[in-house]
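The structure appears below as C-alpha cells.
To keep things simple, chains are lettered A, B and C as they appear, and every chain counts its residues starting from 1.
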C-alpha cells in the first residue's frame, strides 16, 4: 500500500519536474526565437536573461485579474485551473527513471491518452464562457482541432503498443532497452512523425495555432484572460509541450536510456537522458514554430482526417504484419 | 402533452422524420477598429456563418484627418508637410506627385541632380514600404520570424533616407523647384552646398547588396514554405477587369497580369534612363501579389544602383520666387507610389494656396474591392486577402 | 509631362469631344450633366479607358469661409470630376460636368464603373451631392449623426476660427537665411 508521505514525495517530484519543464521550455522558446530572429532576446534578468521566466511570473501576479461583466463567472474562473490539472495529470505515468515514476500503471498509455483529451473541455469552456465572439470561435476551433488530432495521436501510439506488447510506459522503455534500439529506428519512424505532428496540434503551436491565431482571432480563447489566469494557461501550454515531448521520447526514443550506456546506472543518468531528449525534441518544435506560417482551419482538418489517420492506420497494419511474421 | 401522446400523430419518436432545415442566424463579427491585422483602424463589419463570411462592410473614417480641406488653408510649401503623412510607410513617395503638379503649374523644372536624388529616395521609400509589407504579411499568415528580419533590413534603408533628409518617415525634403540641402551638412551658403552626406554612395551600394540578399532570403524563408503556398495560392483572385473597374492599382494590378507601371510614364523623374523590369503576376492571387512586391524590391535596388553610378552634378534648386504663387490652372499628376497610383489634382486660382486639392490615394481604391472579394471566403482567408492588399489607413482615410 | 498622351489619341478624342482642353498636360472634357453617364460609358467602351481612377467634386463659390476666393467671380456651382485612364499606354482623361447648387443631383456611375461607389459616397458626404441610383449612399468617413458637408467652401474650419494659422508668415525667409535664393 502507498502511504501518505510517499504520495506527497511523488507529487513533489512530479511537480518539480513539471514546473521546471515548463520553465525550461519557456526559456528554450524565447531564446530560440530571438536566436532565429537575429535579436538579443531577454538579456537583463539574471544570467544573461536566463531566469527571466521568474520575472515573467512576478509580472503576471502584479497584473490585475480582470473578469469582464458578461462572462459566466464560475466557468471562466475555473477553466484555467481545469486545463492545468489535466496537463499535470499527464506527468503521473511518465517514467523519469525506472523507479522514479509517479505511478507505473499497467494501462499507462491508455491513461495518458485519456487524460490528454480532458484539456479540450477546459479550452472549450474557457472560450465559451468568455462572452466574446473571438473567444468563442477560438474555443470551437480548439475543440475541433483537439478532437481531430486526438485520433492520429492514439493510432500512432497503437503501433508502439503492438510492438512493445505492453501499455506500461516503463515496460515500453524496457522493451526498447531489451531490443537495443529505440522504436523510432526499429519500425516506428512513421508513427513517430505522425505522433509529433499530432502532438504539435494538441499543443496548439504553430503551424496549428488557429485557436489562438492572433492575426485572426486576436488571441482566441485567451482573449479575455489576464493576470494570474492567463499565467496559468501559459504554464499549462508549456507544461503540455514538455510532457508531450517527454512522452514522445519515452515511446519512441528509448526514454531514460540510451544504447551502449550500462543499464545498472540508469537510475543516475536516466533523468538527464530523458531531459536531454525532451529538450532536443522541444528545440525542433521551436524551430518549426518560428519558421512556419499557420494552416487554415479546413486545411488542418484535411491533414488530420485525410492524411494522418490513414497513414497511422497503415502503420498499425504494417506493424501487426511484422509482429506476426517475426 | 397528454393529448399529443394519445392523438397518435407521433407514435414513436424514432419514427418522426426530421424535415426541419436548421436555419441559423449569421453572427456579426466586428473586426476592428482595434484588431491586430487591420493595419491600424480599419473596421470590418462581417457577417459570418461559422468560419464562412457571408458579407463584409468596411467602415472607414477612424483616421480621417481631412487633408483635402486642410490643404485649402495652407500655402503650397506647407502642403508638402501634410502630404508626407498620408502614407507614412513611404512618406517620401507621397511628396513627388504634389511637387510635380505644382512645378508643372508654375512651369518650372527641377535640376537634373535634384531629380536623380528624388528618384533614389522614392525607390528607397518603395523598398522600405515593401519590406514592411513582406514582414507584416508573413505575420498575418502566421509566421512570426520574417517581420523581425524585414524590419532589420528596412532599418538600413531608413538610415540612408535619414542621412540625406533628416527624417525617417516624414522627410519633407522636396521643395518646389528642387530639394532641400542634406541634413547635417552645416549652414547652406552658395559655396557650401552638400546635398548628399559623405560616404552616401558607398553606403547605398552596401545597403542595396543587403537588400538583394534579403529578397533572396525572404523568397526562401517565406515563399519556399509549403504552408505559405497553400495559404496564398488561389486565394483572393482578382481578375484584370475587376481590378480596373475598381481602380485597383500598383502591385495588385500588376499581379493580375496587367503590365502597367506609371514609372515608365513619368518624365519629372528620369526613369527612362535606367533598365528595370516590371514584374507581373499570372493568377492575381495573394501569392502573386506577394511575389510581385518582392521582385519589385529587387528592381528598385537595381534602379538605385544605376542612379548612383550616373548621378549628374549641378545645382539642387532651380530659381523660384521667394513667395510661391502658382498661376491659375489645373493639373493632375500621378506617380507610382509603392502602393499604387498616387495622384494630386491641383486647382489653382493664382493664390498662395490651392483652391482645391484632390488627393487620389492608392489604398482607398485598393480596398474598395474588399466587399466584392471577401464574399464567401473563410475567415482566415479574410486576413490573407486583406493583408495582401497592403494598405495603410492614413492612405485610405486621408 | 507625366502622361503619354499620344497625338493620335488626343486627335481621336478631340474629334469626338470638341470641348476637350489640354491644360498643363491634363486632358479635360467638359460635358453637360445630362450626358454624364453616356460620356463615361463612351470613353470606357470606345476609347479603352477601362481603368477608373477617381471621382470627386469642386465647390465653386465666390464667398468662402476659409482660403482664398477665386480670382474672377464665378457662378456658384458644383463641378463633378471623374478621372479615367487606360492600363497600357497611360492615357488619362478627366471628365467634368457642372450641376447647380440648388439641386445637387447627378446620376450615379456605379452602373458603368462599380468602383465609383466609394468615391461617390465620399463626394456625397463632403459636398452633399446626391448620386441618383446609388446602391448605398451613406456617409463614408464621418459619424452618422454628423451635420454639414465639410468640403463646402462655406464650411468653417473651427480650429482656424479659434487660432489663426500663421499662414503667410512661414513663407517669409527665416531671419538668418541671408539672401539665399530658392529657399522656401
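The rule is short, and it goes like this: a residue touches a chain if its C-beta (ideal position, glycine included) is under 8 Å from a C-beta of that chain, and two chains touch if they have at least 3 such contacts.
A quick note: this is a predicted structure, and the numbers were derived from the prediction, not measured.
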item	value
Middle chain, criterion being Cα centroid separation	B
Farthest-lying chain, centroid of Cα atoms versus that of chain A	C
Centroid distance [mean C-alpha coordinates] between chain C and chain B, Å	22
Length of the line joining the C-alpha centres of chain A and chain C, rounded to whole Å	61
Cα-centroid distance, chain A relative to chain B, in whole angstrom	42
For chain B, residues that touch 2 or more chains besides their own	none
Interfacial residue positions of chain A with respect to chain B in the complex	33, 36-39, 133-134, 137, 206-207, 209-210, 213-216, 218, 289-299
Complex interface listing, chain B residues touching chain C	60-61, 64, 66, 68-70, 72-75, 77-78, 100, 104-105, 175-178, 188-190, 241, 244-249, 253, 258-260, 262, 264-268, 317-320, 322-324, 328-335, 341, 343, 345, 347, 349-353, 355-356, 358, 360, 364-365, 368-369, 372, 397
Residues of chain B that touch chain A when the two form their complex	27, 29-30, 35-37, 51, 138-145, 148-149, 152, 221-222, 225, 227-228, 230-231, 378-383, 387
Residues of chain C touching chain B in the complex	1-4, 23-26, 28, 50-54, 56, 58-59, 66-71, 81, 83, 87-88, 90, 92, 94, 113-115, 117-118, 126, 139-143, 150-151, 155, 157, 160, 165, 167-168, 170-173, 178, 180-184
